[in-house]
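So, here come the structures, one by one.
Both complexes shown next keep subunit A, but they swap its partner, so subunit B is in the first and subunit C is in the second.
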Partner chain A sequence: MDVIDQRTITTVKEAVAARSDGALLSVTQPHPDTLYFAIDKRAMPAVVDGLVNEMRARFMISVGTDKRPVTGEFAILHLFSLDREHLYILLESPVAEEDLRIASITGVVPGANWAEREYRDAIGVHPEGHPDPRRLLLADDWPEGVYPLRRDFPYNYQPPPAENVRPQLREPPAGASVLPMGPFFPVLEEPAYWRLFVEGETIVGCDTRIFYNHRGIEKLGESVLTYNEIPYLAERICGICGFIHSTCYCQAVEKAAGIEAPRRARYIRTIMLELERIHSHLLWLGIAGHIIGFDTVLMQTWRIREPVMWLCEEISGNRKTYGMNTVGGLRRDLPNQIKPKLMETLAEVEKEAIAVRDAVVGDTTLHARTKGVGVLTNEWAKKICTVGPPARASGVAIDARIDHPYAAYDEVPPQIATQEAGDTWARVLVRVGELLESIRLVREALSAIPEGPICAEIKEEIPPGKVGVSVVEAPRGEAVHFVLTGGDNRPYRWRVRAPTYPNLQALPAMILNETIADVPITLGSLDPCFSCTERLETIDRRTKEVRIYSRADLLEMSRGKARRRGAP
Partner chain B sequence: MTASFVTVFLPCLLNVVLALFLSPLCEGIMRKLRAAIHSRLGPPITQPYWDLLKLLGKEDLRSTGGVVYASLPALTLGSLLLLATLVPMGTAAPLAFAGDMIVVLYVATMSGVLIMLAGFASASPYASIGSSREMMMLLSVEPILAIALSVGAFKAKTLALGGIVNWQVQNGPSISMAIGGVAFFLALQALAGKLPFDIAEADQEIMGGSLVEQSGPRLALFRWAIWTKQLVFAFLLVEVFFPWPRVGIPLLDLTITMLKVLVVLMLVAVIDVVNPRLRIDQAMGYFMRVAVSSLAALAFAVIGK
Partner chain C sequence: MFLSKLREALICLKAGRVTLGYPFTPHEPKPGFRGKVTVDTDLCFGCGGCANVCPAGVIVVSDQEPRQRVLEFYWARCTYCGKCEEVCPEKAIRLSQQFETATDTPQDMYMRLEVLMGPCQRCGRCFPPPTVLDRMMKTGFRNSSEGGRA
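So, the complex of A and B:
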């Protein structure tokens, strides 16, 4: 791992001390790459301004914590990253119960918009001077003044039913009409409501309401589950990048508790993470094709993707949601005899992925639909703090694997590719490049993987009050998990920020003055994942009977009906 | 009376039955081809018939009232069946005495306009955007049809489709008619609502456009109309621009024509599968260029090529 420059740490400390104007309460360094400042809340905007505009720090997320049982106060924490210096900066301000207000930083960092609304909804600390203080997280029929992430709020509370409630949505400008996209719409696999203001076919503005599916996962982690149960819940945050969330959570706890996962476990995590990126990018390429009516791309990329899923099933027992991660390492080893098959499948996938890339890159109609469409400027990408491929396609060279190396990326570093154009085509190119790079990474990790244990032995209980910040570069961008350890064998606060959270906030600027036809592909080019962002899950508990269907059974079920009608 | 029954009514019936009952089969074959290119097994080729049966058996739900709105699906299908009787399909057009090329052009436009009306009347923002796109497509494609058919009329010195076909059979291929045929084929792709020109439906953008509010039997009739449309226009293309070989035995001629129509529809299906959807402004620009190029056909016709 890159050593953090001691001079950087001194510079940051001095800058924060200078800007806080005597309001600095304490400075600690809970982990070599983490600086933790406690400052008085009146100095917060000035310090943030200094960090962002002078130190080029990137805002990641805000965490609102109800610390009343410990300190008697609430705490608002803003998390920043100094990407080049591999450093996390945590700024925390206590907020007294008598005065539940803190100055908003959205004016300084536009990307903090949702994060501030979220802590307001969750614990009831009001960001003063916020430009758009409407509800974000809570449902429209949720009662006023009830804050779900406060410690005295029971996890299984059910609010009374409400009637005649509707989201507060903006009205279109004069002369424009409303075209609703959502809450259920063909190209959105999950619910999200985009209220497009259109003049003819041209978009002149939009408003949005999402978080229809908030699942209260963080609350469950803080109140019901224990450290070693949460990885399974974290994995279910997303149906595509589940392993990313479980890895990110485990790493955060390991960091907080000072546990070092064994090298072999780190390599296996790297391999699984990259396999996930391979199948996720193939999935995305197919969906992007489908959005602009190019179903051949969808069918072919998903066919290519399928062997990767089978491989994951052979390694973990599941196509998705592997259940391999645990605090301290892994529960399941990567069998050595699978290596030849892995290599073989990768070679096949690589060959076909290159064929698809060449077909896609040379398709002029595809250029017509994606070049210059949905442009995210470099300046706005930085302001809104976008991450992952959308950021890299706009010339922002950030990648968690390089900036905050985790797992085995310090020994098998990726080559990251950036594009400058910032349009949909650039995002296609970035992802196609990453797809092939991931295949290389898996190969390299496989050949360098050491023998040894896969899980660290944890002898002592995890002490309370420790902080751990971890990032993982998901296919969609950087996922962030923040853990504050607590007593009774569970986190006191667990904060998840999925990559789509910042990326979606960039959409309104990207679709302005585009046509209706360009909105779905522009949204699609962000590779949005609402379940990550909102953290939802549904379970069918009707049938208790267990029957295992083989692949042949399922194919027979889907084809049998057609065959009975006389098809071949 | 009996004579007109045999010479007019029976051929009309033949054309209508052909158009009505072959169109789902053609659609089924096109779907199968699409599936093959997708590496899928695909539905059985009889699936469109089952689709129609299923939709026809469903409840008739309407988003608005009114006699016009209620009758639009039947009128749309009807207009295309009328077109079928005006177009030569293997033999001379049965209703040829009732109308020439100009009438064909008018009747050909009707179905598009009716679907557009259905969209505007159904009071959905998606449908009205779909309808306005349909209108723009219609305005871009109509001139191409007119120019392409005019080339034939100019060469054969007649406005009767039958006359053009006969002239073609007697005089063999010519550069001008070949260019006109290609232009007509490109227009056919848009008339059939296939990619890259399925802009007025665009499921992923406007959820089916003009027909978003249609369901059950009404949707069945609209679907049927659209399938019939692609078949009748394919017949028109094949008969007017590529009528050879003509052996003189009606049944054999009909079979050959149908094979050619199938080839044309397969081409349409392949283009549909290998292209993403264009934006409406891009499509209009494209057809503008096609229209200008098809003027070359007229120029060739003037110098006798």
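So, the complex of A and C:
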């Protein structure tokens, strides 16, 4: 790992001390790359302003924690990253139960918008002066004043459903019409409702309601599961970057507990992470083609992608949920006899990927649909704290693999590609470049992989009250996991921030003044997925009869079954 | 323009048919595939280690009567992580290669295993004897007429 410059640490400490104006409560350095400041809440906006505007710190996420059983107060923690200096800065403010307010930092960092609304919903600390303090996380019929991430809230509590509730959505500007997109729309990865304000074909603004898919994963991790059970849940946060989330979680716990994963485990993690990037980018390229009606790209990239999935199945035992990660290392070794096959598949994928790249790069249809479309300017990308390929396509050269090296990236560093244009085409180019780079990285890691154990022995219990921050560069951008260890063999607080979280916030800026037809591909260029199929096909293996059930058939079948069982 | 279309056509033509014949031809998963969990009831001696590590809570252990431990398996919850296979000291619980698990009878998703145990003479609760040899010496641990190995 890169050595953190002692001068940077001194500078940051001085800057925070100067801006906090005597409100600095304590400074600690739990890990060499983590600075932890406790400051009085009234000084928070000033300190954040200093960090962001003078030190060029990048806001990552806010964590609201109910620390009442420990300190008697709530705590709001803002996470920042100094990318060039490889340093995390944690700013925490205690918030007393009698005065559940803290000054909002969204005015200083627009990217903190959702994060602040989220802690308001989750633990009930109000960000004062927030420009848009609407509900974000909780369902529309969730009762007011019930905060699910408080410690005294049982994980299995179900509030009664309410009738006639609707999301609090903004009204369109005068003269504009509303065009709803979603909550179920084929381009979106998850149910999300975009309310587009249009004047003719032109978008003049938009509003959004998301978090329909909120599953309470953090609460489960803090109340039901144990340290070594959470990786399997973390893996299911995302359908594509499962290994990324389990790695990120394990690294955060390892860091908090001071466990060092063996070199071999780190190399295997690197290989799996890059394999995941390869198949994710191929998937994305196909979807992007599909969105603009260019299905040849979809068919061909998915064909190229499939051998990678088979390879993952052979290595891990499953094509998607690998179940390999555990705190301290891995459960499953990479068998040496698979190396030649891995190399062979990679060579094949590389050849095909280059062929597809050469074909699409000159394709005028693609150019017409993506060049100059959905431009995210460098300024906005920084303001909204965008991560991953969308950031790199707008000239923000950040990559967690370089900025905060983890796994084996300190020994096999990636070359990152940036583009300046910030349009959808630039995002295509960045991803295609990364795809080929990932193939190189897997090869390099495979040839350098050391022998040895794959899991560290954990002799002592994980001590409570330790913090660990870990980032992993997912195909979509940087995933952040924050862990505060607790008793009972489980984290006290586990915070997950997926890369789409900041990236989606950039969409309003990207689609402004675009046409309606360009919205899907712009959204798709951030992070797309496909919606489920509407029907079901069954095949009788004996008679080879194929029968397609319509929606009505399925409904009738399921109702008939419920009747037979005597369900109401 | 024309050139790139030609290239694309060439890629498609070269690929040919790539879909598998499944379900008309059988599909064999790769070795090491984590499929449906199987339990060898003869080998299980009821230590409950699998229930202890299962992240999804598939396995529920209860001591309902003296000398009897009941393991209930709610298969619908299984996430195929394979932790149970990892900890089982008798290799009684294994992940098979079976992946066609769809069913329309709810009973298929439930299994109940009753294991005869040696109860503690003081507290009366079941406990697994520490070693294989101990188990063989213990009377009433497993009814030999059931054909169990130990």
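By our rule, the second predicted complex is superposed on the first by the 526 of 568 C-alpha atoms of A that agree within 3 Å, B and C clash if a C-alpha of one lies under 4 Å from a C-alpha of the other, contacts with A are read in each partner's own complex, and residues count from 1 in each chain.
Operating definition for what follows: a contact is a pair of C-beta atoms (placed from the backbone, for glycine too) under 8 Å apart; a residue touches a chain by one contact, two chains touch by 3 or more.
The shown structure was predicted, so the numbers you read here are calculated from the model rather than taken from an experiment.
Engineer: For the combined arrangement obtained by superposing on subunit A, do subunit B and subunit C clash, or do they fit?
Structural biologist: Because the two structures are overlaid on the shared chain, the partners are seen to fit without clashing.
Engineer: Touch test for A:201: subunit B only (first), subunit C only (second), both, or neither?
Structural biologist: first
Engineer: If we overlay the two complexes on their shared chain A, which of subunit B and subunit C does A:314 touch? Say first, second, both or neither.
Structural biologist: second
Engineer: Does subunit B (first) or subunit C (second) touch A:518, or do both, or does neither?
Structural biologist: The first partner, subunit B, only.
Engineer: With the two complexes superposed on chain A, say which partner A:368 touches: subunit B (first), subunit C (second), both, or neither.
Structural biologist: Only subunit B is touched by A:368; subunit C is not.
Engineer: Just checking: does A:331 make contact with subunit B only, subunit C only, both, or neither of them? Give me first, second, both or neither.
Structural biologist: second
Engineer: If we overlay the two complexes on their shared chain A, which of subunit B and subunit C does A:233 touch? Say first, second, both or neither.
Structural biologist: In the superposition, A:233 touches subunit C alone.
Engineer: Tell me which partner A:358 touches in the superposition: subunit B (first), subunit C (second), both or neither.
Structural biologist: The second partner, subunit C, only.
Engineer: Name the contact category of A:300: first (subunit B only), second (subunit C only), both, or neither.
Structural biologist: Both partners, subunit B and subunit C.
Engineer: So after superposition, what is the minimum Cα distance from subunit B to subunit C, given in Å?
Structural biologist: Subunit B and subunit C, overlaid via chain A, are at closest 5 Å apart by C-alpha.
Engineer: Could you list which residues of subunit A make contact with subunit B in one structure and with subunit C in the other?
Structural biologist: Residues 296-297, 299-300, 303, 363, which sit in both footprints.
Engineer: Which residues of subunit A touch subunit B once you look at their complex with the stated criterion?
Structural biologist: So the residues of subunit A touching subunit B come out as 177-180, 185-187, 200-201, 289-297, 299-300, 303, 363, 365-366, 368-369, 515-520, 559, 562, 565-567.
Engineer: For the complex, give me every residue of subunit B touching subunit A.
Structural biologist: 37-41, 43-44, 46, 50, 125-126, 129, 132, 195-196, 198-199, 202-207, 273-282
Engineer: Report the residues of subunit A in contact with subunit C in the complex, numbered from low to high.
Structural biologist: Residues 225, 228-230, 232-233, 236, 296-297, 299-300, 303, 306, 310, 313-314, 317-318, 321, 323, 331, 352, 355-356, 358-364, 539, 541, 544, 561.
Engineer: Would you pull the subunit C residues touching subunit A in the complex into a rising list?
Structural biologist: 1, 3-5, 7-8, 11-12, 15, 18, 23-24, 29-34, 53, 55-56, 79-82, 86, 95, 104
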